[in-house]
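Two complexes come next, and they have one chain in common, chain A, joined by chain B in the first and chain C in the second.
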Partner chain A sequence: MAASWKQLFFQILLLFICCGRINTETTGSTPAPLVPTTPLSTDVKSVVLTGESHTENIELLNPVNLSLECTWTGNPIKLPNITGFWRKDGNEIQNSHLTVQLENNQYNIKQVFSIVSEKDLGNYSCVFGNEVKVDFILAAPQITEVRDKPIVSYVGDFVVIECKMDKTKPMPSTWNWYRDNGTEKVQIMAAAEPGRYEIKNNEWETKLRVHNLTEADRGLYYCGAVYAIGTTMGQVKLKVITFLEPLKPFVTIVGEVIILVAAILLYERSQSKQTDRAAFPGRVENADENSTQTQSEDKGNEDSSSMRQRKI
Partner chain B sequence: MSPVPADELGHKPLDGGWGWMVVFGAHISIGFAYSTPKAISIFFNEIQEELGASYSEIAWVSSIMLAVMYAGGPVSSVLVKRFGSRPVVIMGGLMCGVSMVTASFGSSIIYLYLCIGIIGGCGLSFNLNASLTIISKYFLAKRPLANGLAMAGSPVFLCFLAPLNQYLLGTFGWRGSLLILGGLMLNCCVAGALMRPAITSCELSSATQKKVEQRNTDVKGRCRKNARKFLNFSFFKDRGFIIYIIGNVMFIFGAYAPIVFLSAYAISQGVEKYSAAYLLSIMGFVDMFVRPGTGLVANSKWIRPRIQYFFSFAMVFNGTVHLLCPLVKSYTSLVVYAVFSGVGFGMVFALIFECLMDLMGNQRFPSAVGLVTIIECFPMLLGPPVAGLLVDIFGDYKYLFFMCGSVVVTGGLFLFIMNIYHYHMLNKEKAAKDRQQNHNIEIQEHACTSEAEIERTEPEAAEMNRA
Partner chain C sequence: MTNLKAKSESRDDDDDDDDEAEGPDGGWGWVLVVALFISTSLVFGLMRSLGIFFVEFVQYFQESAQAISWISSTGLAAQQFFSPLGAALCNAFNARVVVMMGGFLAGLGLILASQATCLVHLYLTMGVISGLGWGLVFTPMVATVMANFTRRRTLALGLGFSSIGLSSFAFNPLFQLLVEMYAWRGALLILGGLSLNIVPCGALIRPQQRVKPPAQVDSESKSSSCGDVLRRVSSYLELSLLFERPYITYTLAVTLFNVGYFVPYFHLVAHSRQAGFSEYQAAFVMSAAGAADILGRVVSGWFSGLGHFRLIHLLSLWTGLAGLFIMLLPVSSLSGSYTALMAISLLYGFCSGALTSLVFAVVPMIVGVERMMGGLGLLQLIESGAGLLGTPLSGLLKDITGSYLASFMVAGSFVILGTLTMTTLPHYFSCTDPPHPQRRSLHDKDKGLHPELEQMNHKTAE
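For the complex of A and B:
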């Protein structure tokens, strides 16, 4: 943390010194960002383009002088000269137009950018002609393990919101938590409200505990992994509901269960009453039939006698 | 070929009519019983974060629930024999509902162990045992089909509960979801209400004649005595029962681990996370249709007498599929593996209790199933951890599949061979009994004729004496 502050102070000093000199553009190839002579490391990233376009993700931790190189070999029409320029986040960088010569069947553009702070990060593109381009996406390590679904919690309860950085990526120097209050992100200071907020930082992960939730606590929370170059944010949505909300479907289901059980048992009662009513005359009928059967062998009037019984 | 022990009273089960409503009730009840321990694992991530527990601590909730569900078998057998299925299932449904509702207020992991694990597990154990028992009371001729339909509840409910739980989690959080899940489990009480008590040989029916009444009191006395026995160890003298238990223990030991580790294996083979989870849904989906299908096939007059052999075939099939899994690497072949695995699993589970009913008969089934479930508790809890240990030691999933597949195949072959022996011995014993009976009849006839001769000769002798 202290080292980067030193570097920044040094650069600001240099800026004041050089400001007077770099006022008029000398050649079209010098871009607007200044090239400090401070101990910034230099890194080179080059891409060979064969097709229409390419995207390269570059992860940065610390301020650096980044040299971006684009080589294009895929042009069917081998013009001797084409124009090339650089874009940052879609906007053309001032005075970055160049005329590129065809050498060894390829076009080559190179530019050095000084990446010192968060605003220098973004999407740098080198463009050949008008359409062919290579995108260099400069960013601090992104937080991959963060919830995409909202966390649901209850009024009066507490909630734990967690953010994790992939262990394969560099460790952040610290973590910060922010809350969106509608217009901007406000940092949550756990020390200011110890009863409410609790932040536990643990190298690659951070946990925010919010106690005594109220409905006002709902909304977006951001965890920020702080690196020298900048802070990457992860977003988590918190929903706070009262206990009545799940209670409504619960009561409906319990009601449905009671109704069904009562219906089934009543149906069974009525069915058994019917069979009892049918069974009673049936039992008398049975006995009579037995007696008549023994007699009917002589009488041979079985049908008529049993029919007589059924009429009862 | 297979001896289907008839009831003592020889009363004819309904085999239809209200029986199908009972099957529906059993379907719901068994569905909740088997799918709940798996379905609540969806909440574990959230609960873990809030209660600050590690993943293995949270996973114990499911394991305790399953263990209690299986270990509670003997207790619920006793209750079912004493009170009948209906009150027990209603009680089970209430216990499950209460367990989930109280768990939703939980603030420590031990509290969850108690509520979901123990109370919930007890409730589920009542549900399972009582549902199986009542099917055996209502069906005989169509019993394999009824069993297949009822056991199909497990994959159906899993397919239904898994996305529902995801939705509930996103809308209400884990506390609200547990509350609503508790309400849903009260539907087991509805299932219990459907389980109208069947007229069994342990009850007096009003229209019996005197001779039958006499036999009834003898049977009733025996019934009461059996009901009081907590763990009926006399089953261990039954050859068929021992064979069944050994085969089953081997199956359960090897059956669950491949399912638990399938997604991990797929991910290790380079399959993407969501596609790997999809494999399990495919397995469950196939299982849903295979169970009633197997019940239908087992009901045919060709297979029904040989159902124990069909069961051992299903086991061998399941084991073979697991043995072949390490040979497949691509996603398509993993899907094919999942389909066949689902088929094998469904076939075995459709028949697992039907075969026990076939062996034990109506009267002994409730206590037998209690004993079987408590014994199966151990391989079920040991299987996946031992398989996981193999993966940790060798660093390769193929040994897991080899071990599980070979154990299951051995179990199936064991059942097949031992059943041949068992039936051979039964036939011999039956032939011996028949011979003994014939011999007794001959002696009786001989005694009768000799008595008749004495009767005839006595008056002659008397006359001769008088004369």
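For the complex of A and C:
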């Protein structure tokens, strides 16, 4: 019974999908299809090389057929034919050697690459002869704002780790968080441990909150901005310390304060004892009294008048 | 007896400045300058460097920037609001105890803040408690130092206040390091410990060094009727000063200074960036202005101590120039020349530092050394309103007009307006200082205030 309902359901579903494809135009962003039935769009990037080498950064969001063109004006010795080839991430691509003719005083190499997933991203270089090259660095948009210094927090406290993408760059479809457990990155599922982890995604930024920190929580955390082409990672290091750490310098400083205060008060007491012994019998130090003796040394200001002893 | 009469005659000869000629000037005073240096750096230097915690608080508490900036505003406002309280307590009790209490409270506030779990905790601890502590420290320390100097008063103040600039230089990287090592909680805890260093500074104040003799308290009736208590409180707070025209004029002038004086420090960097200079260039201009500020404090303190000019004239000079340079700042940067901007900023920094050494030193000339403590407290309280008004106003002008030109112009004009207000002080245009206000008998009831002076007057009248 259940099986036949399932079959019916799937058939209806397929029907809708097919009808949907015929009737609607594919405008706007479509979610990544399970089977790529729509052809990839084509993009062309060309660079004219004037010097020895050049680097071009290309930001990709979606799978694309990318045509890379290199044009070289050549060196003073203009050979009619030179060899050119392509490299990916430093390794020569098989069967990419070409013989390039000198046309209009220029050498031209062109190649179409199918960039579908993350492994297709990287550093593509077209090389003329053996020295001159142009680097095309294909990457998904890099995360702009992530903390480069370690985040410090305390045992039992919580911590908020943030990653932000520049608003001028394309918006990631979603954000993921990963933890490094020594060998690989494990995705943090906030739903699995609601008391511990909390992820708030806000289009261009993401915040991971870790509650009830323990020393085991320290290590590397990764925020990943997910695009159709792949995920770019940002790395944050978390350090968890106990409250004893700042307590040590604090106690040292408080100790120093107490010692200073005691020293000052003791010094003053010994000073006043000396002056008391040397003072006149009827002499008053505080100029509060209306005595004739203090008339001569009283002013608006008081000062340590132990030095100035006016004799009457 | 003959000696006494001879002394009284000689005192009549230098009627105008007898306090100045025979006042203390150095000795233990220099130790107090060191104490003022340390305590001012731990109060204002610390307050200025709290910006480091800003980013941490925003991230931890997930609050808006404005809510977080209220923390330092509350601290500053509390420091200024509780200044008269500090002055009154010094008049009632001992300056030493008040400053030590203040240092303890300042440290306690920061220590408690390290345990905060919500923003309100920070307002109460870092804002109110620490602000109360700072208020109990600053005014008494300044008044005590001024009481211990006469001719070198401005130099002592200049040296003491130079700590604000120097400590901002030192504290910024230090706080950054503390936050990186211990997070904001640990850093606040350690800062609380550092603030406790104000307590030994207060301990350096010798108990005899009382600015205002409490004789008048003893001579009044000991009954605790409402009227008597109120009268005593008002005499501690020096509320009678609020009815005197010179004091009110001066306070108004200082309030006007405060509206405009801080604006460049807040907006200079943003304005330089807007004028097209790079981040490093803008930051360097700020640092250079800060260095000129420190230099200005010390130089002006030393120069005015030489006695060639009246303090009030020098103060008008520095404030007028400062106002002028504030107005010239946007003009110079709009011209696009970096050297012009740097030159005007240096001049502004120098003048603004120069005027801070003198602002407080003029108070005893207007109210007399006796009432200086209360006068300073009330001044701080009244000028706090200006601080609350000044920066939001300049921010508002910037939001409305889109550039900083209007806010700088308005700020500079407020400062110049303050200078003009000062010219209405009595005896402003005379070349020598007027007779010291202490000579006038201010209260009929305060017979016990100057017993020896009264007797002296009677003696010379014979």
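Methods note: the second predicted complex is superposed on the first by the 240 of 312 C-alpha atoms of A that agree within 3 Å, B and C clash if a C-alpha of one lies under 4 Å from a C-alpha of the other, contacts with A are read in each partner's own complex, and residues count from 1 in each chain.
Heads up, the rule we're going with is that contacts are C-beta pairs under 8 Å (C-beta built on N, C-alpha and C of every residue); 3 or more make two chains touch, one makes a residue touch a chain.
Note that this is a predicted model, so its numbers are computed, not measured.
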{"item": "Touching partner for A:Leu79 - first (chain B), second (chain C), both, neither", "value": "neither"}
{"item": "Touching partner for A:Tyr154 - first (chain B), second (chain C), both, neither", "value": "both"}
{"item": "Partner chain in contact with A:Val254 - chain B first, chain C second, else both or neither", "value": "both"}
{"item": "Which of chain B and chain C A:Met171 touches, first, second, both or neither", "value": "neither"}
{"item": "Partner chain(s) touched by A:Ile264 [first = chain B, second = chain C, both, neither]", "value": "both"}
{"item": "Comparison of chain B and chain C by chain A residues contacted", "value": "C"}
{"item": "Contacts of A:Met189 with chain B and chain C, given as first, second, both or neither", "value": "neither"}
{"item": "Which of chain B and chain C A:Val44 touches, first, second, both or neither", "value": "neither"}
{"item": "Chain C-contacting residues of chain A that also contact chain B", "value": "149-154, 157, 160, 162, 241, 243, 245-247, 249-250, 253-254, 257, 260-261, 264-265, 268"}
{"item": "Chain B to chain A touching residues, read off their complex", "value": "46, 49-50, 52, 90, 101, 169-173, 175-177, 179-180, 182-184, 186-187, 189-190, 193-194, 196, 207"}
{"item": "Residue numbers on chain C that touch chain A, as the complex places them", "value": "3-4, 7, 19, 22-24, 27-28, 59-60, 62, 100, 147-148, 150, 180-183, 185-187, 189-190, 192-194, 196-197, 199-200, 203-204, 206, 208-211, 213-215, 218, 368-370, 438, 448, 451-452, 455-456"}
{"item": "Chain C contact footprint on chain A (complex, rising order)", "value": "149-154, 157, 160, 162, 207, 241, 243, 245-247, 249-250, 253-254, 256-257, 260-261, 264-265, 268, 285-288, 290, 292, 294-296, 298-305, 307, 312"}
{"item": "Residues of chain A that touch chain B when the two form their complex", "value": "149-154, 157-160, 162, 239, 241, 243, 245-247, 249-250, 253-254, 257, 260-261, 264-265, 268, 283"}
